[in-house]
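Mind looking over this structure? Questions follow.
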Amino acid sequence: MERKSDKKTGFFATLQQSPSTDEFIKGLWRENAVFVQVLGMCPTLAVTNSATNAIAMGLATTFVLLMSNMLVSSLRNFIPKQVRIATYILIIATFVTVADYVIQAISLDVHKSLGAFIALIVVNCLILGRAEAFASKNTIGKSFLDGLGMGLGFTFALLCLGVVREILGSGTLFGIPFFPANFQEWVIMILPGGGFFTLAAWLLIFNWAKQRKKKVVQLDNKEIAA
Amino acid sequence: MNADSLWYIFINASLINNFVLAYFLGICPFLGVSGKLETASRMGGAVTFVMLISSMSAYGIHALLVAIDAPFLQLISYIVVIASTVQLVEMFIKKISPALFRALGIFLPLITTNCAILGLALFQTSKGYGFVQSFVYALGAGLGFTLALVLMAGLREQLDLADVPNVAKGTAITLLIAGILSLTFMGFAGLGG
Amino acid sequence: MALSLFSNKTFKHGVHPPETKDATSKMPIRRFPFAPVMIIPLAQHIGAPSVPVVKEGQEVTRGQLIAKATGFVSVPMHAPASGIIRKIGNVPHMSGKMVPGFYLEPFPSSGQEVNEGTPVNPETATPDEIIAGIQNAGIVGLGGAAFPTHVKLKVPEGKTIDTLIINGVECEPYLTTDHRVMLEQGPDIMMGIKYLMRATGAEKTIIGIEANKPDAAEYLNSIIPAGMPVSVKLIPVKYPQGAEKMLITALLGREVPSGGLPIDAHAVVVNVATTAEIGRLLPHGRGIQERVITITGPGVKKKGNYLIPIGTPMRFVLETVGVEDNISEVFLGGPMMGPSISNLDIPIVKGTSGVVVFTDNEAKKRKEKIYPCIKCGACVDACPIFLNPSKLGILAKAEEYDTMVGQYHLMDCFECGSCTYVCPSNIPLVQYFRMSKGIVRKRSVKN
Amino acid sequence: MSSLNKTLEIKTSPHIARGVSTDMIMRNVVYALIPVSIFAVYAFGLSALLVLITAVVSCVLTEHLLCVLTHKQSTVGDWSITITGLLFGLTLPPNFPLWMVFFGGVIAVALGKFIFGGLGYNTFNPALVGRAVLQASFPVAITTWHPAFSTDRFSTIASSTLTFPFMEPVYDTVSGATPLSVMKFEHIAAKTSDLFMGLTTGSSGETSALLILLGGAYLVYRKMMNWRIPASIFLSVAILSGILHTINSQYPAPDFMLLSGGLMLGAVFMATDMVASPITPIGVWIYGALIGTMIVVIRVWGGLPEGVMYAILFANAFSPQIDNLIRPRVYGTSSRWSRT
Amino acid sequence: MNQTDLLQGQKPSNSIHMFRAMVGIGLLCALLIVVSYEYTLPVIKHNKAVALEKAVFQVIPGAVKRVTYKLTDQNTFEEMQGEPQKEQVVYAGYDANNQLAGIAVEASGQGFQDVLKLLYGYSPTDQKIIGFYVLESKETPGLGDKIEKDNDFLANFSGLDVLLSDDANALKNPVKSVKHGTKENPWEIDSITGATISSKAVGNIINNSISYWAPLLYKNISTFTGNQVSSLE
Amino acid sequence: MLILTSLAALGGLTLILAAMLILANKKLHVEEDPRIDIVEDMLPHANCGACGFPGCRPFAEALVSGNALPGKCTVSSEDGRVQIAQFLGVDVGAEEKIVARLACAGGTNVARNRARYQGLQTCQAASLVSGGGKGCFWGCLGLGDCEVSCDFDAITMNPFSLPVVNEDKCTACGDCVEACPKDLFSLQAASHRLWVACKNLDAGDEILEECQVACTACARCAMDAPGNLITMKNNLPVVDYSQNHATQVPIQRCPTGAIVWIDEKKGVIKGEQSKKIIRKGERPIASS
């Protein structure tokens, strides 16, 4: 039995109904790597002490994700199951190395502040996870969209953290002062503890919103039943 | 104390700059496997073990790469060697102890693709540690990881029986505890300095 | 004199609630009248219920056998009064269940004299004869557990008993039954000890008495027959000293193994009232038909120690002694372990050692607000078994029964209530444990 | 006889209780803290008073609001939050900006207690969680000390105290140095009698060892505190620093170690927070020894002059493990480890 | 759905396929990496050189040109090209007149949180430290990182006395950090309040490093000054 | 040159590793029937034990080894069972629909308490305190242990604190049977529609004082029932479900409505002569 009220309307809903755009949209929000799947936590926490770092890291990850997704997808029939993980890692590591050099060429400063975490994109569970769960089973086109969506979703999540941590921790946003001169920075925000707390706070907010939504839906159902 | 002394390397890797709590390395297994003490301690052991193995492998590979003057292959060869070694270990465990294998479940392959393992290899290289130093560094990092994991597991087991508000259940509360633990470990700063 | 009896040894942990025994400890034992209808459940002991040997409408005389034992772990029932068996059917029981039993209507003029049976000679009887005699007399533990005494006395193959411990501790607040029995039935106790030592082959007997009853200790010490290896020991006042495990530890310094019985520590523990009853009934071959009970508590008008026929309904007991208007709670036994009863049709049974009546005032004084466990450790410091009641309570709330049993020794808890008594957060720990044990037993039966 | 027809109440045994309740214990801890608080105000003046009031108010208010928000009955009545507030205030520098105090109070309750499920479930000492967050957030403010017994302490308020919310505090007076930082950086020990009487500078509540010990003694006497915890902390600190001091007199002596910094307040009032400490007697000794050892290690070799807070938090994190590993031998069983 | 469908993919594939896949992909990856390395290398080298130069010029006021020297086994210095691998190097800075303006030395040691990496400029002629730059630091932001930003602190290094003893084998007065506001001698470093530990660490690192280098550099001063002409174009 | 060395290095590396992995794969491979995983995936993952195995995985193992039939899993949907059966190529093994039934009708509007229970609000705990204080010693305490125990939300407490089983949701896992300290639940074939909703073992009208819907052992149902369909045992009627029991005759003369007909659609039907219950509120606790 299908209820009319289940049908969603609006822009996003239209997008969702087309299968290929859904591959893209889902990563942004519904299956967001950080907030929903809790993957790729290390870079999420480590490099988000400024918004700039967050974006740089997010884009680098998106690049690697996109490229490896496409390569894995195109080679998917060539790779036997037993060596699947090993080869995926090879592929990912390659693109990370490439990204590493590219970033060095663009800006040493950014490279320095991201530190080892560029190299560590290799082991971001998100990338291997997508290669394994999606790209190895889907066409190149779909894998491209999936990678793009997931990557941008990841970037968005990093930005969420980076903005909060930079504003409170350094009193700036993208390096530009955000507060009057003698603002007291919350140093904790750029320390490791602050990373944990900020992410936890975001999760709390999302959980709370989700629970509220559930309640509202339940209320709706009750009304329908009445 | 000398920054290169073994004792300092050990303390630094395990407490002061704990891999999970200060460097944010290996957060995924930290969040995933810290629910039960039993699994956590075994996972800690497994990670320490893999760290030692990969530290040794990385040391060897690094020497090789320096010899053939191909530093750009560092990342890819580290990760491949580590991944394969871990996969070997995984198969080995599956063979000798299916129970252990089942307990660690999907996390054994995750260890391979774990930031802490690769991070260790990269750091030891960039710090220019020798063989013994690398070994001690890996040991410290592994034990520090285990300590964080075990502490977290104890706290989470206790919280399983507590009235944690619904919104905070799951990852959120784990992260909050990790944050507090991370603040706590700041007390070790400067030890041996 | 008293000092020489005093021993400083005791068990570890435990609590010391206010003794509140003064109201009745000086009151001599007095006889009780017969109730118009007596209610006699067939299961007044642990083990198989006895089966009736009389019919509805049959006339019985006091002390006559009315139900016989079924097997070894069972005891017979004797008529507590001369009268007519009105009905054999379901009777209320303090467990809250309806159980098979008799309704006996005493003759209005029923006398107090009792049928005699085959006497057991204390000097010549073999252990088996004594054990059979005790079973025939329908004697069960009068200390509260109501376990058939003869079963305890039967030493299994390969085990030995070296010490007979007579439990005159009476550690529960309010109760003075054993105290009065010791003061008034000294010769019976000595006679009982004689029987018990013969039956068990124990080399010596220790009468354990808490330091708040020096008069009883002095008196018993003074009447020990020459040549009998009996000693009296006064031990510090502490609850639950009367529990047999604790008493064995206090007196002998031994521990009863977990899951084991006192006999595994080469001891047997018998309550003084049980001992007195044995000493009184066996020489005449009689059956037990009455027992000494302390009726007390703020809600009772004529507090005292009474000799009450078994089967007397609680309603009649309370009518006879008179109660205040604002009674709120009646429990059988002491306030630490005694079960509440839900209605007054429940009768006095062999295991009833006291009736305590509380009024609304006590209920009001009790703090009912339950806080979460603050891990203060008071319960850990109180538990004589060295359990962790705090953790057990938290686990029980989360229904982690397997962990409770497997890692926290739930089954070793003997429900003494010390933990609940001290808990500042008012957590009903013992209730949790009883409930959990019930569930665990049910599950293990099922598997 | 009508009273015999009354509906009886039935409840499980025991039918009597010791009569000490949780709120009563908590209230008595507050009593024990009052002399310490009064001395803090006496030594540091109006600023300290404001800090204490703000601390208590922020904690109580947060707890109440959180209960209201989550549709629970307010738990302010059990007094535990008052202790948290008071202790939190007592661990702060007397001239600490009030907005930071308020911020820390909210954190202490929300993050240290409420999120874990409230009273009885907080795995870390809430007051110290609050302080640790402040120390990491505002390290300068929390290590800037106001000298004790300044002459104008009852007439003026330190300029930093009234800093506008979210702004950086400005310090006017010459800041004092705590005996510990003087020790750490200049290797000069303060006079033992001064430390004992509280004539030094430091956090509001930590200076008078005498009053803290009196408060603790009162609680031990009322059996509302586990004396083993301070005992084992004192013992381990004394032994360890004694050994170090004999080896090398550069290291501080035991009496200085015991009486300086937050050790007294921490050992007597904060490590003893029963919720976050182990429950078994042996476990408690180990817990205390862990705290004591860590305090000495941090003070002697660490980068920071003081380590009581970190030591207690670290031991808090350990206490579930201690309880797991240390279990008293159950009566009638032969081994500590026997599991049926 | 039937059994064979589902069980597909569970079948073990043969070894040749696995070899083919792994080695093939390995080669492909190597190719990719090498190509991108080759393409980016010049840019990165240039970036690094610029960054190093910037740092060197910052610690040696007035310098416009940098020459890298490595320490030889005979405790002498010789000019080197390319990137240092294992060698111990110093960077000599020359001013617009091609005069030796100072020598930049890297030093590292334990800070508050982790290893501190510094670059400082040493003038062998004046026997002074003339500049200071933090290459790498994990010190607490807001506290420890003041060693990079605090002007009062940085002012210490625009003329920190590192006079050699008379036999030129050791420092006359060891470099030392003292509490803020108590600096009395030109070889003392005035610490930062609230970051005493980091300040002390800087002092220690510099002291250890300069005690090692100053005698060497001083003795070989001619190598550096003598070079002036040769490296001129 | 650079390209050559690196190709050789990485190629060699991967070659060696591939060799190692392949060798290990052969040597260390653990044989496990891959179908177990697939079947486990098809099960509902409720791990309820209704199938008689400790959880879904052991059941999957049993299914694959042929030691059980898919129908044993009462939780999965018909489609799911068929899917598994097809996959394994076996019979579904139809099971008769079984549900939990409650042998008590003594809600708070008809049955009363003798004493006021205080303490943990669970039936298990209350039953240990003098039986829980309910007037009828056998009856439901109404604290809802069964409701809590049911993982499938099949039990709800009605306004009179009496559990009501939703037969559609009930999977016959038996948790409630285990949970009830008064043993009031039993698993019955859903086709058992003639039902004695009382466990009181006393005979006579006295019990009506405590509960108005109690069975008084008047035996009218046994008399009216065809043949020996119903016999009186221990003062209670017992229906012999092995006989054809599709008759509403026996319930008609029950004076209290203790024996009922549970209709598939209309729910509980009481006999014509049973006393009507009008009270909508709670029956006051006994006192006079």
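Descriptive notes on the structure:
Chains here go by letter, A, B, C, D, E and F, matching the order in which they are written, and residues are numbered from 1 within each.
Simple rule for what comes next: contacts are C-beta pairs under 8 Å (C-beta built on N, C-alpha and C of every residue); 3 or more make two chains touch, one makes a residue touch a chain.
Remember, it's a predicted structure, so these values are computed and weren't measured experimentally.
Within the contact network of the assembly, the step distance from chain D to chain E comes to 1. Using the contact threshold fixed earlier, the set of chains in contact with both chain A and chain B is D, E, F. Most remote chain with respect to chain F, judged by CA-atom centres, is E.
Across the structure, the highest number of inter-chain C-beta contacts is found for C-D. Comparing the centres of all chains, each the average of its CA atoms, the largest separation from chain B belongs to C.
Note on chain placement: the centre of chain E and the centre of chain F lie 74 Å apart, centres being C-alpha means.
Centre to centre, using the average C-alpha position, chain C and chain D are separated by 48 Å. For the pair chain A and chain E, the distance between C-alpha centroids works out to 35 Å. Between the CA-based centres of chain A and chain C the separation comes to 70 Å, rounded to the whole angstrom. Under the contact definition stated at the top, the residues of chain E that touch 2 or more other chains are 12, 18, 22, 25-26, 29-30, 33-34, 37, 112, 140, 142-143, 197. Within chain B, contacts with two or more other chains are made by residues 72-73, 76, 80, 84, 87, 163, 168, 173, 176, 180, 183, 186, 189-190, 192-193.
Taken residue by residue, chain D touches two or more other chains at 6, 8-12, 111, 117-118, 120-121, 133, 136, 139, 303, whereas all remaining positions touch fewer. Chains that are in contact with each other form these pairs: A-B, A-D, A-E, A-F, B-C, B-D, B-E, B-F, C-D, C-F, D-E, D-F, E-F. For chain E in complex with chain A, the residues that touch the partner chain are 9, 12-13, 17-18, 20-22, 24-26, 28-29, 32-33, 36-37, 40-41, 43-44, 47-48, 51, 140-143.
Those residues of chain A lying in contact with chain F across their complex are 82-83, 86, 90.
Put simply, chain E touches chain D in their complex at residues 112, 140, 142-143, 179, 194, 196-197.
The residues of chain F lying in touch with chain A in their complex are 14, 17-18, 21-22, 25.
By the touch rule above, chain E contacts chain B in their complex via residues 26, 29-30, 33-34, 37, 108-115, 197, 201.
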